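What follows is a set of structures to go through.
You will see chain A twice below: alongside chain B first, and alongside chain C after that.
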Partner chain A sequence: MKDWLPAYAAGSLPEADRERVRAHLTGCARCRAELAAWEAIAGVATPPGPPPDPARTVRAALTRSALDGSAGPADPTASRGLSASGGPAASAGPAASAGFAGPAGFASYAGFAGAAAGDRRARPLRHLLALVRAEARLIRLVVPVASALVMALGVALVLLPGPGLPGGAAELVLALAAPVVAAAGVAGTYRSGTDPAAELVAATPVSGRLLLLVRLALIFGFDLLLALAASAVLALAGTPGAANVNALVAAWLGPMALLSALSLLIAVRFGPDVALGAAVGLWAVRVLAGGTLVRDAWPARFIVEAWSTSAPILLVSAATAAAAVILSGRGEPHGGWRATHPM
Partner chain B sequence: MAGRPEPGSDHELLRSVAAGDAAALARLYERYAGALFGYLHRLAGDRMTAEEILQDTMLAVWRSAGAFEGRARVTTWLFGVARRQAHNRLRGRAAPEPAGPGLPDRADLSTGPEDLAIAAAGGTPVAAAIDLLPEHHRDVIALVFVAGLPLAEVAEVLAIPVGTVKSRLHHARAAVAAALTQEVPE
Partner chain C sequence: MRPLTLWRYEARRAGWAALLGPPLAVALGVVAAWANPLPGETTTARILLGALEMAIPLAAGVACGSLTGRDPAVEIQLTAATSYRATLLRRMAVTLAWTAVIAVLTAAVLIATGWWARWPENHGPVAGQLTWLAPTLGLSGLGFAAGAVFRSPAAAGALVTTVWALQQFFGDAAQQNVAGRLLYLFATTRGAVPGDWAANRLTLLAVAAGFVALALVVLGHSERLIGEEDE
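For the complex of A and B:
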């Protein structure tokens, strides 16, 4: 009898049972006292305030359904939307629904809960791919075309039949062209004023660092492939002193990495224009130091050593690039250009 | 399989919803608006969150009405959907927020300072004590006393035996009683 009291107080007992409880209550003071306690709870359990308006509520739900892009209930795939908004607890849902939805219902619930789990795992990857595609569209055509032209010019210079190119010319040309091409490209990756999406990027909810990394991967990857292709072409063409692809790659890889990393760091700190100038300047010093103007003085030897392919140089480049990425995203967009000028 | 549901029944209404009839969804909601929203309000603790969960629930009903097979009562299914949506939205929330300001419905019971404090916190002492219950107790109280479901249906919604529903009810009542007899520190 005690077990019926809550339902009696809630008014959810069938009439026949109500009658029996009522009859019992007249002769049982303990149950009357207990009922009073249940009625105290029943009386205040419902929070005050009317429920929201039906038309408004249904309209809001249907609008959301339309905005989410999935069809109404007639569409058999529509139930997927439920779990997408449901999250992980949807997998707890089947247990609750299995009791009354039956085996078929259970299977469909379990099915779309699984699909949703797959969605969740794949989402970051798909998001990144979409980001890469979007960024690739934003790169101005002139950047890859100019890079490719400079590299092609270098290759042509070595390959063209001409009088007296010294041995090792292939290495020299690649070593001179590849780093500056990559550094120039990298300089434009960060908050460049000519970026067609500069304002959009400044206002984007995507982390600026992530955007920078994606751009770097695209630009530097492209230049890396370009230089590799040039090396392969020169090696296959049997240019004198260029039979070994490894040696060819070693001639430009280290300098390319270091100059690009420095260019990026300067771009992040001082803006793309300064970075481009600095990269070209640094590289000019390196070319002069390795050339005929200065010979055998220790600074020149040091400079040439610093611009070579070796483990320490590659490590320093990686560290510099990492520092640049960490530094990025600080301060106001567009480098030194403040939104307000100092008075 | 059962034949055609009776005209005008909940089941019939849900079939119309499954066929894409938005007016049927509004009628179904109207039938249970008080119970459904009260239940969500009690679970969520504040009206704004409850309204959000209500929308989630209507969206879920709209989308998954076709999955209802008629083996259970529509109310059981409906409150099951609502409860799942509430859990999705309230998951990870540390503690139930106190109920929003509302008129205490038994302000004449007493005028002691602690009662005034409770009333200021947004309800009667009993309502305040219910708000402090652990979630699985509050869920049972809300389904029995706010939604007004019979114990057997409550058991189905929660996917627990009826005996567990009864024991949770009694634990909840004991906790409310204990909270009410507790001395309120000055």
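For the complex of A and C:
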């Protein structure tokens, strides 16, 4: 009899058997208690009414979003600004941004949406700033400190009294130090083996390209400011041949951009170690071509010209960096530190 | 673990930069010598010896700078009975041994083909090996110490390359005082005050020993190797 109680509670027992069970229950308190338990379970499992209309649910969510400017219940992380992995939830949850424009019913709430539009436009910016802050915390302090020390070494070499340096020493020092400092820093931006957040980054729904761009902006931006500051210091100090800040900047800007872009491209394809080695090798060729081995030959002149500041060089640098960012979304670096086991 | 297995493991951990850097440096010198448009065998011989004195030390310095700060198993290493600085010292030895093999083979070829003797300041086939050995150890020591202090291959590599590049362009200024002459990396192929060459080479070796000692002291504080990520 006990085996029939679940079906009895669910109402699926044939009529003849239901009568037998009903008759038994009148004289058996234990089975009545068990039936009560089965009926409680059946009550939870059975929906109280017909399923909700999806169209109405979506419309209600959109209406609520338009009225209060919130992202709605579809993406609970959006209201927190950042997902658990540190990335902006707006990128992770499509309900948080672009999905509002489609439904026709949305037009009737245009007035309310207009009031909330400013907030929605500001939200991606807030998320981006939060992402920048989160990524900045992941950069080990020693990296910017070391970059600053190397640049300070170059500036001190020019400023400190000592052996007479050749004319144009200020430009030369900045042109030698700034590119390799920036390129070495950029080489470590993409999936470095010691990145403390490497596994989180690999698992986050935030675009890897966006993360790379943010890291790149932080590292390259810092080195750019560092070189600008060094140029300003040398110019303000009245260093011979360094009165023109524009000329000082022109000495390092193009080489810095090109070497960093190449370093990034190699890092994306082959990993940070190869990128660092390649950047050092390329820069060594530039240094040797410009001052030591075959100074007057056409290959040396070509190499020196290629490492200068000009519109074509800056365009090539930008294109190379863009190619690196595009490639960064495709798989993992060959032979590098993989987030997952090799297949 | 058998000794050979251990050394093979350390060679793998030293990385591709340590393996490929020295041969590529020599190849760069050979290409530069081949493309040299200036007349005279002396110039070509200078470029070939320059590959030993300039390119190989840079490759070794950057490779040694990358030994600290890129070990994915550093926490396991720190729990082992062998001290981590001994492990890093083994990796540096592997890196320098491979660099020495490439440099000695290159020097042997240059001596056998007569290009070594065509450079007037060659200092003979035996003592002349200090042409590459002293700057290699000097820059490697600098790279190793910078890697230990910064725990960043990028920072150490940038420092080594900057020092190398500054010495390339300011060689004449370095000759104007004693310290500059003694610490100059390229005294064989870029010129030195007569009589200073041996002192210069020995000073570079001593400086290298000082840098390695500094690195070992810094690496003795093993908590620094894993501390910052926890902050």
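In this section, the second predicted complex is superposed on the first by the 212 of 343 C-alpha atoms of A that agree within 3 Å, B and C clash if a C-alpha of one lies under 4 Å from a C-alpha of the other, contacts with A are read in each partner's own complex, and residues count from 1 in each chain.
The rule is simple: contacts are C-beta pairs under 8 Å (C-beta built on N, C-alpha and C of every residue); 3 or more make two chains touch, one makes a residue touch a chain.
For clarity, every value in this text was computed on a predicted model and none was experimentally measured.
J.: Of the partners chain B and chain C, which touch A:Asp3 in the superposed model: first, second, both, neither?
T.: It touches chain B, and chain C stays clear.
J.: Could you tell me if A:Trp283 is touching chain B, chain C, both of them or neither one (first, second, both, neither)?
T.: Touch status of A:Trp283: second partner only.
J.: A:Gly27 contacts which: chain B (first), chain C (second), both, neither?
T.: neither
J.: In the superposed arrangement, which partner chain does A:Pro124 touch: chain B (first), chain C (second), both, or neither?
T.: neither
J.: For A:Gly11, is the partner it touches chain B (first), chain C (second), both, or none of the two (neither)?
T.: In the superposed model, A:Gly11 contacts chain B only, not chain C.
J.: What part of chain A is shared between its chain B contacts and its chain C contacts?
T.: none
J.: Using the touch definition from the top, list the residues of chain A that touch chain C in their complex.
T.: Spelled out, the residues of chain A in touch with chain C are 140-143, 145-147, 149-150, 153-154, 157, 162-166, 169, 172-173, 176-177, 180-181, 184-185, 187-188, 193-194, 196, 272-274, 276-277, 280-281, 283-285, 287-288, 290-294, 296-299, 337.
J.: State the interface residues of chain C toward chain A in the complex, per the touch definition above.
T.: Per the touch definition, chain C meets chain A at residues 15-17, 20-21, 24, 28, 32, 35-38, 47, 50, 54-55, 58, 62, 66, 69-70, 72, 146, 150-159, 161-166, 168-170, 172-174, 176-177, 180, 190, 228-229.
J.: In their shared complex, at which residues does chain B touch chain A?
T.: Of all residues in chain B, those touching chain A are 17-20, 22, 25-27, 29-30, 33-34, 36-38, 41-42, 47, 51, 54-56, 58-60, 62-69, 71-73, 76-77, 80, 83-85, 87-88, 91, 99, 102-103, 105-106, 123-124, 126-127, 130, 141-142, 144-146, 148-151, 156-159, 166, 169, 173, 176-177.
J.: Please output the residues of chain A touching chain B within their complex, sorted ascending.
T.: Spelled out, the residues of chain A in touch with chain B are 3, 6-7, 9-14, 37-38, 40-52, 54-55, 57-58, 60-62, 64-65, 70, 72-74, 76, 78-79, 81-82, 85-87, 89-90, 92-93, 95-102, 104-105, 108-109.
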